[in-house]
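Please go over the structures that come below.
Both of the next two complexes hold chain A, though its partner changes from chain B to chain C.
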Partner chain A sequence: MDDAVIKGAGYILAHVPNLTYEFGTTQVLERLKSPESPYLAKMKEHLRTYEQALAYPPFQVYIGNLHPDDLAAIPRPWYEGEKVRAERAGRYGEIVPEDEFYAWMLLVDTFDLVWLDEDFLNELKPRLEKHPLITPPDLKKMLNGKKASDIRTRVEAGSAAPLYLGERLVGCVRQAHEVDDTLKAHVMAENMATKASAVLALRHLLAQTGTDPKAIDYIIEASEEACGDMNQRGGGNFAKAIGEWCGCVNATGSDTRGFCAGPAHALIHAAALVKAGFFKNVVVVGGGAVAKLGMNGKDHVAKGLPVLEDVLGGFAILVSENDGVNPVIRGDSFGRHNIGSGSSPQAVMQALVAEPLERLGLKLGDVDKYSVEMQIPEITEPAGAGDVPTANFKMIAALAVMKKEIERADIPAFVAEHGMPGFAPTQGHIPSGVPFIGHARDLILEGKITRAMIIGKGSLFLGRMTNLFDGISFLVEKNPGRKEAVGADEAALKKLIASALRQVAAELTGGEG
Partner chain B sequence: MDLENQARIKELGEKYGPKELVVVLGSSDPDSAELAAETVTAGDPTYAGPLAGVPLGLPVYHILEPEIKEKIDPKVYEEQVAMMEMVLDVGALTGAVRKMREEHSQL
Partner chain C sequence: MELKGKKAIALGDRDGVPGPAIAECLKSAGAEVVFVTTECFV
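Right, the complex of A and B next:
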């Protein structure tokens, strides 16, 4: 059986400073503790404009306009000045502004929960009309506005979560139930934003790869959100809810969860489903996490930085049958953090990185690029969490020293060659291994690299069900070609068997006669 | 240090006291190691958690300090800690924790 291939990857960001201020957990908790919080007042001054977000180099890498290695050459801080071209559209997707994102939330809402001001929508109309991924029926639904007064009434009554643009109330997300906490307005706003960002990512993927949405036969959603009601809090199937708005009428689907490691698990599921022949085209998709917006905002504001966690991320990856061209997800390359693996960083890296390579007879240096938790370092450093990707690359380099592949003095060179600067927003599952898949696919197709390892890690203790760690990894490699030769042999073999059977039959007949 | 962990350490610290309980840290960042060491000795300097104003005075070490390293089976240390020892700034981490221990531990 041939390995599955990665046929394409879509990546989007939604720049949402107002959602950050209203709904990010850090801000929500602060508001609960002290409504007159100086942090909240000061935070507004630290929110970036859309143009500033567009000019942020890591975001341009995320949507594919720059290569991750280009970032290393751009002096930090990256948030100061305009160091790269501020482009909305990228090779893999786009950075959508908040006002348009609200319209996407309205589009994907099937229960009349998202209400947007009709005047606001009329102002937005010319831009929505120009968007290449918005169809006329989409536009009709997106322009279905409500009276500003009706929106204000709901928000003031507390039955709806407000959608602001600065001081202007332009819409709301209504509660879906009067008493059910899992369907309250805040949760519905979170889930709608997750769904909308995932839909946008999937539409970009389909458009870029020229894939007929009807050809998708399975969707795996891999975010960290839960949708359901009080009787089944994480009931799920964001997957079908997303596919419904992307024309994937022939697809079924389900959700896979594993904290930040979710997408890596989901890609392995996708590769297995395709390799086994159960489905031909499987999409792994994930939308953004509203709760994590402005998560480290207090540190950013205290240290005079802009609030750098002001975007929702989204990704969609198409895993398909071997076409002999696209890079494969190597089916024998999985690195697993098992229940008995142990939780020390060394045990984790041994299980995820060293063990699968040893099994395949490969050295750590044989992997051209490693993709780990690719958080943007200048987001995490002010909060005391350090440069997460670099710390991971150093651990891999240290394993190479322990295995006597390199000298200790070579660690920095190994990190520079096999790693890259972090370029993904701190949205949990969004930076975890998957942001590099689009770049890895391109680099492999261009012949610049032959092999990348994608590593997903998850902090399961957060759910208080286990103290176990989690992680899973796999190799993406240059396509070795289709196993057509084997196919030809099979045909020859069938002929041989047929001829042998005929001979036996003839002999048997002869014997009897 | 998160509030839940502070609550657990407070309970254990009050139950066993500094003669019976040692805190071993594994932080990878010197600043957070220092903060954690201060929290379990002098009390939570951020005044956010249950250990605010509670000087438990527990002996506290970083796992990379020689006092701890020599008590661990070298084979286990090699399997579990050697990689991080190579990656982390051992001097800064152990210095930060030692400083807090010497200032505030009751032992």
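Right, the complex of A and C next:
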């Protein structure tokens, strides 16, 4: 059976400073504890404009306008000045502004929960009309506005979560139930934003790859949100809810969870479904995490930085039958952090990186690029969490020293060659291994690299059901060429049969003689 | 630093050293570990 291939990848960001202020967990908790919080008062001065977010180099890498290694050459801090071209559209997707993102939330709402001010929508209309992925029926739904007074009444009554643009209330997300906490307005706003960002990513993927949405037969959603009601809090199914708004009428789907490692697990599921012949075109998709917006905001504000966690991320990856061209998800390359693997950094890296390579007879240096937790370092460093991707690359390099592949002094060179600067927002599952898949696919197709390892890690202990850690990895490799391989196998098979028949004939002849 | 007889808490990092590993070191240095956790900062 042929390995499945990665046919394309879509990546989007939604710049949402007002959602950050209203709904990010750090801000929500602060508001609960001290409504007059100096942090909240000061935070607004530290929110970035859309133009500033566009000019942020890591975001341009995420949507594919720059290569991750380009970041290493851009002097830090990256948030100061305009060091790269501030472009909205990228090779893999786009960075959508908050006002338009609200319209996307309205579009994907099927229960009349998202209300937007009709005047605001009329102002937005010329821009929505120009968007290449918004169809006339989409536009009709997006322009279905409400009276500002009706929105204000719901927000003031506490039955709706507000959608602001600065001081202007432009809409709300209404509660879907009066007493069910899993359907309250805040949760509905979170889920609608997750769904909208995933829909945008999937539409970009389909457009970029020229894939007919009807050709998608399975969707796996891999975010960290839960949709359901009080009787089945995480019932799902985001996957079908997303596919419904992307024209994937022939697809079914389901949600896969594993904290940040969810997307890596989902990609393995997708590769297995395709390789086994159950489905031909499987999409793995994930929208953004509203809760994580401004997660490290207190440290950013205290240190005079902009609030750098002001975007929702989204991704969509198409896993398809082997076409002999696109890079394969190598079916024998999975690295697993098992229940009994242990949680020390060395045990984790041994299980996820060293073990699968040993099994395949490969050295650590044979992997051109490793994609680990790809968080932007200048987001995590001010909060004391350090440069997470570099810490991971150093652990891989340390394994190479232990295995005597490299000298201790070569660690920095190994990290520079086989790693890359972090370029993804701290959105949990969004930076975990998957941000590099689009770049890896391109680099492999261009012949610049032959092999990348994608590593996802998950903090299962946060759910307080187990103290276990989680992680899973796989190799993405240059396509070995399907037709040639199949041809060779057929020829070998014919030879074997011919040889066996000759043997039988010889024995029969001998018996007669 | 003398840890013998001291009470200690161990706060580990998902992408660094996990709490139980820190706790083992503290114990071997003679500290009484009263709380262990590993957190995710990303």
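By our rule, the second predicted complex is superposed on the first by the 482 of 513 C-alpha atoms of A that agree within 3 Å, B and C clash if a C-alpha of one lies under 4 Å from a C-alpha of the other, contacts with A are read in each partner's own complex, and residues count from 1 in each chain.
Quick note on the criterion: a contact is a pair of C-beta atoms (placed from the backbone, for glycine too) under 8 Å apart; a residue touches a chain by one contact, two chains touch by 3 or more.
Nothing here was measured: the structure is a model prediction, and the numbers come from that model.
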Next item on the list: Superpose on chain A as described above, then tell me if chain B and chain C fit or clash.
Entry: clash
Check: Should A:431 be classified as contacting the first partner (chain B), the second (chain C), both, or neither?
Finding: second
Next item on the list: Could you say whether A:461 touches chain B, chain C, both of them, or neither, answering first, second, both or neither?
Entry: second
Next item on the list: Would you sort A:191 into first (chain B), second (chain C), both or neither based on which partner it touches?
Entry: neither
Notebook entry, point to check: Can A:60 be said to touch chain B (first), chain C (second), both, or neither?
Noted result: neither
Next item on the list: Considering only touches as defined above, state whether A:211 meets chain B (first), chain C (second), both or neither.
Entry: neither
Notebook entry, point to check: Looking at the overlay, what does A:408 touch: chain B (first), chain C (second), both, or neither?
Noted result: first
Next item on the list: Based on the superposed arrangement, let me know which partner A:349 touches: chain B (first), chain C (second), both, or neither?
Entry: first
Item checked: Contact breadth on chain A, by residue count: chain C or chain B -> C
Next item on the list: Classify the contacts of A:473 with the two partner chains as first (chain B alone), second (chain C alone), both, or neither.
Entry: neither
Notebook entry, point to check: If you stack the two complexes on chain A, which partner ends up touching A:380: first (chain B), second (chain C), both, or neither?
Noted result: second
Notebook entry, point to check: Can you list the residues of chain A that touch chain B in one structure and chain C in the other?
Noted result: 344-345, 384-386, 391
Item checked: In the complex, chain A residues that touch chain B -> 342, 344-347, 349, 384-386, 391, 394-395, 397-399, 401-402, 408, 411
Checklist line | Touching residues on chain B, where the partner in the complex is chain A | finding: 28-29, 31-32, 79-84, 86-87
Notebook entry, point to check: Across the complex, what residues on chain C touch chain A?
Noted result: 13-18, 20-21, 38-42
Notebook entry, point to check: Considering the complex alone, what residue numbers of chain A touch chain C?
Noted result: 259-260, 343-345, 373, 375, 380, 383-386, 388, 391-392, 426, 428, 431, 457, 459, 461-462, 467, 469
